[in-house]
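So that you can tell them apart, the chains are marked A, B, C, D and E in the order they are listed, and the count of residues begins at 1 in each.
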Amino acid sequence: MSGLLWYKRSLTLAVIVAAALVLQVLVSLQIVSPYVVASPSSALAAIVDLIRYEGLPVLFARTFAMTFVAALVAIVVGLPLGVIVARSELLRRSFEGWLGAAFSAPIILLYPLFLVVFGRGYVTLVVMGALVGVVPIALKTIEGYLAIPRVLENVAVSLNMTERQRLRHVTVPAVLPHIFAGIRISLIYILINIVAIDFLVSIGGLGYLVGAMYDRYDIPAMYGAILFVVLTSVIFFTILERCESWLSKR
Amino acid sequence: MSGLLWYKRSLTLAVIVAAALVLQVLVSLQIVSPYVVASPSSALAAIVDLIRYEGLPVLFARTFAMTFVAALVAIVVGLPLGVIVARSELLRRSFEGWLGAAFSAPIILLYPLFLVVFGRGYVTLVVMGALVGVVPIALKTIEGYLAIPRVLENVAVSLNMTERQRLRHVTVPAVLPHIFAGIRISLIYILINIVAIDFLVSIGGLGYLVGAMYDRYDIPAMYGAILFVVLTSVIFFTILERCESWLSKR
Amino acid sequence: MGVLNVSGVSKSFAVKGQVVKALDAVDLEVHEGEFVSVIGPSGCGKSTLFSIIGGLQPDYDGRIEVDGRPAVGSHHDIGMVFQEESTFPWRTALENVVLPLQVSGVSKKERDSRGRELIRMVGLEGFEGHYPSQLSGGMKQRISIARTFAFEPRIMLMDEPFGALDEQTRLLLCDKLLEICQSMRQTTLLITHNITEAVQMSDRVVIMSYRPGRIKRIIDIDLPRPRTSDALSSPEFGEYVGEIWRDLRTEASKGMAAEGGARAASGAA
Amino acid sequence: MGVLNVSGVSKSFAVKGQVVKALDAVDLEVHEGEFVSVIGPSGCGKSTLFSIIGGLQPDYDGRIEVDGRPAVGSHHDIGMVFQEESTFPWRTALENVVLPLQVSGVSKKERDSRGRELIRMVGLEGFEGHYPSQLSGGMKQRISIARTFAFEPRIMLMDEPFGALDEQTRLLLCDKLLEICQSMRQTTLLITHNITEAVQMSDRVVIMSYRPGRIKRIIDIDLPRPRTSDALSSPEFGEYVGEIWRDLRTEASKGMAAEGGARAASGAA
Amino acid sequence: QDMDTVKVASAQRGLWTTTLVYFGNEKGIFEKHGLNLEIHWADGGANTQQAVISGAADVAVATGTLGAITAWARGAPVQIIASDFTGGSDLFWYVRGDSEIEKVADLDGHSVSFSRPGSSSHLMAQGVVDNAGVDAEMVPTGGPSATLTAVMSGQVDVGWTAPPTVEEELANGKIRLLFTGNDAPGISDQSVRVDIANRAFLEEKEEVAKRFLAALKETIDWAYDTDEAVEMWAQMHDVSVEVAKAARDRGYPRSAMVLKPVSGVDLSIEQAVASRRLDAPLTDAQVTEMLKWVDMLNK
């Protein structure tokens, strides 16, 4: 496994670096206007100032924390929801498909109202993040729950397992991978929503920073900030991977 | 098939109606503030005015058209991209996973720059929509392409099929379902992005309408407008379903 | 008076309105140390009978007795090997085999040593640490069998354990299983649709009719023990095979036609 | 001088660095109207040979000749039935069967009538409109076979067509196939790992060694024709089965051990 | 004595009127009145008012009159507590130096920007355009710097701004002045921006609100009697004090900075109805109700 994984990682890295280089050239040759796309080097350089003067670390920490909490909420709500729906034929039939589409519709447009209800603060971001995050987790949980091999459940019965043993030895390990897939998707949703709304109403996270830099028309700094948004998602994905392999090892 | 489908539809409908009723009650009992959530009835009522005074039909048509064009572009770009990547081991290894995550990162935040490049108009919306729409289509195409059963390709060879026959009888029918799944996802992305950006910079579609109603504190009208966003997605999904069953029938 | 007594067991399923009678008044008796096979065409109700005896299928007519005491629900004296591939993909071979011991709370140390022993018994030493995805179909089945032996059941209940394997692997595994069962005098009820397998292993072969699943005939196999697959070439062996096939052929033909129909019906849903 | 001549065919695969020799100098000759079976343990290279003869595997050593003319690439005179389930899920039974005709541009009207005829031939009348998902495994295989017959090949090349089916269904289908081939005097090369099947159908059985895949022995089956599965019970039949099994047993045992190892290796990747 | 905290929402950090409260706070004037301000910057229009409606802020300064009226009329829990700025002398509209637009009459078929719907810039631009009877497209472009980008990149033809953001570009001819807010009819004596407060806040802490407005008044006097505020302002935009001072006197005559009365309300209502923010004009009774706090709070 790990060998391949490592290979994959380094490949990805290579591609990213290559892309960066190309961009660098394009920009420095003015083929792409530096008022639209900052050269990677200048973006990286800008990060220094962002840290020194704009309190990047704090903002980064905030966005990270908000995403984390929102994800937790989404899991705490989405998981049971998924299980309930999966267990009920009727609910499932109706929830899947159309509602799925309707759900993923423009919740983000309602941000003003959430501002009204939850006030102009971190709570709003977390709530809206969690809201968009719940759906994929629930859906994937359903999927996983339905994918548990009947035969393994039969084995559990034939071995006279208790409910708890069965949960521990069959249900959880079987559903876990699906749940993690769900968490991955919802993490992206959550992060994008939190950052985007913060960008709009300047509540004080990476989104706000991106917005502020744009308002000053400091393009390199803006990209520097966006880099940190991407970094956030990468960090979360790494953590998730660890959790998963750790959990599935037991 | 159709019997079940019908059953599913009606179930969904039932759920929606039920939800609407509950909301209606909550709002009219002031349990939920009408400054936050409009009662479904008032939202529906507001639609009349939206049509009469705000040119809802035109705005709706615009958003619909923009989404449609963006989707077309996304398909035209994403499909070949997917095929190319699927065919190259190296590209695939690096594109999947991490880049997928990075991709789905906050493109929407770049809208100011797109305004600069493509001007403050429909083009920007279409371009940004297409941009976010490409990724899922490409990914699903890859998935589908890799899922073509080797044995069917062997059958094609053993029957001395020409490249065209092979494409028509094996590749296309095998990949089609995956592609459609991809189109569904990207349609949602596209619609949300187009509406959201339009909401921010009032270019003149449903997003602009939602924004305008919000600026006027006309909450029912705002929800009325949002309803039409959802309607748009529903229409697209219905069309897609038709296309798919029609295509797979031949 | 057998270890396992099945008397008058009937079972029907409601499939889209109409009722399918899967089992009809099945009587069956397995004695201590005996090896009995139930053979019948696909869809005749073998797995249904299997799950009823194993206690996975609570509602049925008739009675199941173990040592004369009525058996309800899953039973400590009955160990099951399933038709489908039933290893836990997230557990290594060893972890799969020791699962029953883990469930009944045996210490890690002890269960490991016993697990390794069982794995040796089914001839898989060296593969303790492999995951099912790294094993061939035949090896996975051997793991499932070892797992059930770890359960130390009085009665071993198997549903086409080798159904998914190619004939040669099957013949080899049958030899292996036969050897183990004979050495342990393991009471076994084997469900199969493979005639050679049934003849090769059994003291008695129970032939089932297609639908409703009834017991059509019981044949005593008196070939000398210990047996191996080499018996294949003996004329008596051929006799038995031929005799059983003559009985089954009609049933199987019925089955093949009907099955397609059934699938079509369900597929149309 | 046979219709199909395989001379000195060898093939190696590079699996993670080390080279696996799948086939080693295989010579084989199939005459007009003859039914030849190739039998060998799992992993001995049967499918490799199959795909080389069928022209799916262009790079190999040795020569394949049809009517004395070297055959390169997929060949109009060779029709293939695959080991894996190979019906097109998005086509009905009829549409599956007529695919070869459609490819070679036969008019809709004609190909339908011929398609129905073929479906009747394999005993599936009434299922023309069903999709594979609505058919049982046995029925799907019959569809694939009918599809290959629609191709009207001079040589029918089959890779374990019944490998996935239960023994009884297999016996019945073998009878069916046998009947068809005999009536059409269809030249056939059947690849199988089922001894009974080989003996029941063939004029000659080619036994392959495990690895590298070599031809270990060729046995002529002179049982009276027309044959059916009833021959099962005849002592000669048992003789042949026993004889072949004695040869195969050692190979199969080698296979079973090695295969697991191989899977482990590949699985570990 | 112990301090009362007032949460203040203000639009667009950097404009004279929106930032004055901040300067005053820095100077310590509010502290002197026993007030401890928490200022946060929204981006004008409905979002500033949302802060107050949601209770996230107690008061908002320098927010558009139209938006305030609409919010109040729709029953949102907000009250107008003072006039922030009267007349349109502080906002002006410009075109690129190379634009073919010479005068307002040339605006036909061109686009004119404003900050956000319902803001004072919206109302003035609309006024000028309507008055000239030209058919121009109205486009919300956000803050002055974003707007400058929009103009320079040709997204809009006419940009809006407020001193001293673009003094430099004006000087070196990159842009040309086209019209100011006062060119809109009736604007010169209309309260285009008001200060608003959350109703609950007013009812619970009327006396705090009084002190806030008193401090605000003192801040204004200080900002015109001394040059300290202007210096702060100049530093914020790093322009010379002279430039800043000129900008203040041209754009923000002291006469426009009276907290009371809120004038030109009828015109505002008229415009609100015209832009369909109100379904019907407010009755006199409603108007009195809407403005009652202005008199109660401003001594």
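Convention: a contact is a pair of C-beta atoms (placed from the backbone, for glycine too) under 8 Å apart; a residue touches a chain by one contact, two chains touch by 3 or more.
This structure is a prediction, so every number in the text was calculated from the model and none was measured.
Following the contact convention of this document, B is the list of chains adjacent to both chain A and chain E. The greatest centre-to-centre gap from chain A, using C-alpha centroids, is found for D.
Chain centres here are means of the Cα atoms, and by that rule the chain farthest away from chain B is C. Computed centre separation for the pair chain D/chain E is 86 angstrom, with centres defined by C-alpha atoms. Computed from the mean C-alpha positions, the centre of chain B lies at a distance of 48 Å from the centre of chain D. Rounded to whole angstrom units, the spacing between the C-alpha centres of chain B and chain C is 51.
Shared interface positions of chain E, defined as residues touching 2 or more other chains, are 46, 53, 146, 149.
Multi-chain contact residues of chain A, defined as those touching 2 or more other chains: 112, 116-117, 214.
Shared interface positions of chain C, defined as residues touching 2 or more other chains, are absent. Interface residues of chain A facing chain C in the complex, by the touch rule stated above, are 149, 151-152, 154-155, 157-161, 165, 169-170, 173, 248. Residues of chain A that touch chain E in their complex: 112, 115-117, 119-121, 201-202, 214-217. Across the complex, chain A is touched by residues 40-43, 46-47, 50-51, 53-57, 142-143, 145-146, 149 of chain E. Those residues of chain D lying in contact with chain B across their complex are 51, 54-56, 74, 76, 78-80, 82, 84-86, 88, 90, 99-100, 103, 151. Put simply, chain D touches chain C in their complex at residues 41-42, 124, 127, 130-131, 133-136, 138-139, 163, 166-169, 171-172, 193-196, 229-230, 232-235, 237-239, 241-243, 245-246, 248-249, 252-253, 255-256, 259-260, 263-264, 266-268.
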